[in-house]
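To start, I am sharing the structure in question, which I have written as structure tokens.
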Amino acid sequence: MTDIQQRLEENLSQQAFMTSLGARVGMVMDGEVHIELPFSAHLAQRNGGLHAGAAISIAHIASAYAAVTQLGAEKTAVVAEIKINFLRPIMGEHFVAIGRVAHKGKTMSVCTCEVQAFQAGTVRHKVAALVQATLVHVPNHKS
Amino acid sequence: MTDIQQRLEENLSQQAFMTSLGARVGMVMDGEVHIELPFSAHLAQRNGGLHAGAAISIAHIASAYAAVTQLGAEKTAVVAEIKINFLRPIMGEHFVAIGRVAHKGKTMSVCTCEVQAFQAGTVRHKVAALVQATLVHVPNHKS
Amino acid sequence: MTDIQQRLEENLSQQAFMTSLGARVGMVMDGEVHIELPFSAHLAQRNGGLHAGAAISIAHIASAYAAVTQLGAEKTAVVAEIKINFLRPIMGEHFVAIGRVAHKGKTMSVCTCEVQAFQAGTVRHKVAALVQATLVHVPNHKS
Amino acid sequence: MTDIQQRLEENLSQQAFMTSLGARVGMVMDGEVHIELPFSAHLAQRNGGLHAGAAISIAHIASAYAAVTQLGAEKTAVVAEIKINFLRPIMGEHFVAIGRVAHKGKTMSVCTCEVQAFQAGTVRHKVAALVQATLVHVPNHKS
């Protein structure tokens, strides 16, 4: 496990809301981070799918962590604003939010994120939501 | 209790994710709905404040419900997209998302929403986040 | 004329695109700036109304200038991102973009803006577009 | 020239604001449209670069036209809302807004758009702005 993957997993484990959702850090690359979320009854919308709020929550973290992969250990990235389009009901057994850095500036990053929904027994995922977000680089105060 | 307030409370109670957060319907007026959320340990960010994901989740519902108050019982409103600016760490014991209809069109509504944070022992709230969202009017399929 | 009004008018006069549109600085208050735009044939959309691009352009400047009113002369505000909802065709003889600061932080401001359309011979305007934007405070390099 | 390219060029030529900017339809593919804009003195910001308002204007049209390529002749696409991040000053002699359909639904499309700036004498462009927009499909009333 790389140093950055370890740092992100540690960071996520310190966010009570993320652990209560059941979110996990998946793949971590330079400028790209996957956040995985298995479906669970307490995450449901009325239609039985994933609640939009849970989908935004993992998209938010995936976007922030993608930016963090391009900053040194002394800095972290905070979401100044995030915009998300919902494309369809978010039905599935498993969800992945893939955050990617679209542009890294001196004091800010712009990230995009795609929330993918996977149904059991089907080969391909469906894209459920698309994100564009603005992140600010700030000093990293260790917990 | 008005009919629309009852419908919204019933709707919220059918959203497992909202009840798992601890969200409640507060004031309901024509074109304005308050969603209340008491702080709870499972909603926390690393800094001990409310997680941004939980804040967006109640802002999402407040915006949708505000639009619903201006539609008949045979229609509901779905969030097509939502954009949220975070203004500060979301510290407090109690939070309220106030969704308001800024414009009601024939097939869509545009809503704004403000997430307010209340600390015990202080008189005034702080505004923690601002939202602008696009809602689509769709037929209401009863659960 | 106040100092800040003069500074904004001077600034606008140095933006060739704004003068080619025919935009003018209207009212200037602490945290609020109006940009006025008379309709002109070269600003038209196919429907004979104001082109959305022209409407966004004045909303962009009104938002930035609103933020500038709360900064000292040594700083200015740059639009990091802007989001605009169009509410109806932008028909009228005269348009005003009203930018307002919703939140001023240490390094950024969040502004909202409303684009109003005025028809001759009618008493009230129609709101044509709504904006939420993120501004970054940067050093002001005099031209 | 394909039928859809001809329709888009005709449409653009009927938008006085677009012709006053000097914008042209470039490449047209299924779900992707390029709008080209040569730099001109009347499009300038104070810094001598392209004004953000002009950049948004071509991004707006590129996004709408990308959606239109996937609709029949009896429908067109209207921008319900658009969000744009500015990544750097927009310096160059030539600009291209590349609109792409990210998702086509039954009544709406979501498009992304990238505004590229080309300097003379350099091989590669710089990405100046990123867009995510929501388009509504509406009946096409011929002019």
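Think of it as A, B, C and D in the order they're written, each chain with its own count starting at 1.
Simple rule for what comes next: a residue touches a chain if its C-beta (ideal position, glycine included) is under 8 Å from a C-beta of that chain, and two chains touch if they have at least 3 such contacts.
Since the model is a prediction, treat every value here as computed from it, not as a measurement.
The pair with more inter-chain C-beta contacts, choosing from C-D and B-C, is C-D. Ranked by separation of Cα centres from chain D, the top chain is B. Chain centres here are Cα averages; for chain C and chain D they lie 22 Å apart. Per-chain Cα centroids separate chain B from chain C by 29 Å. Residue positions 80-81, 83, 85, 110, 134 of chain B each touch two or more of the other chains. Listing the residues of chain D that touch chain C in their complex gives 11, 14-18, 20-21, 41-46, 51-54, 56-58, 60-61, 78-86, 143.
Remark: chain B residues 80-81, 83, 107-108, 110, 134, 136 touch chain D in the complex. Here chain D touches chain A in the complex through residues 83, 85, 87-88, 102-103, 105, 110, 112, 127, 130, 132, 134, going by the rule given at the top.
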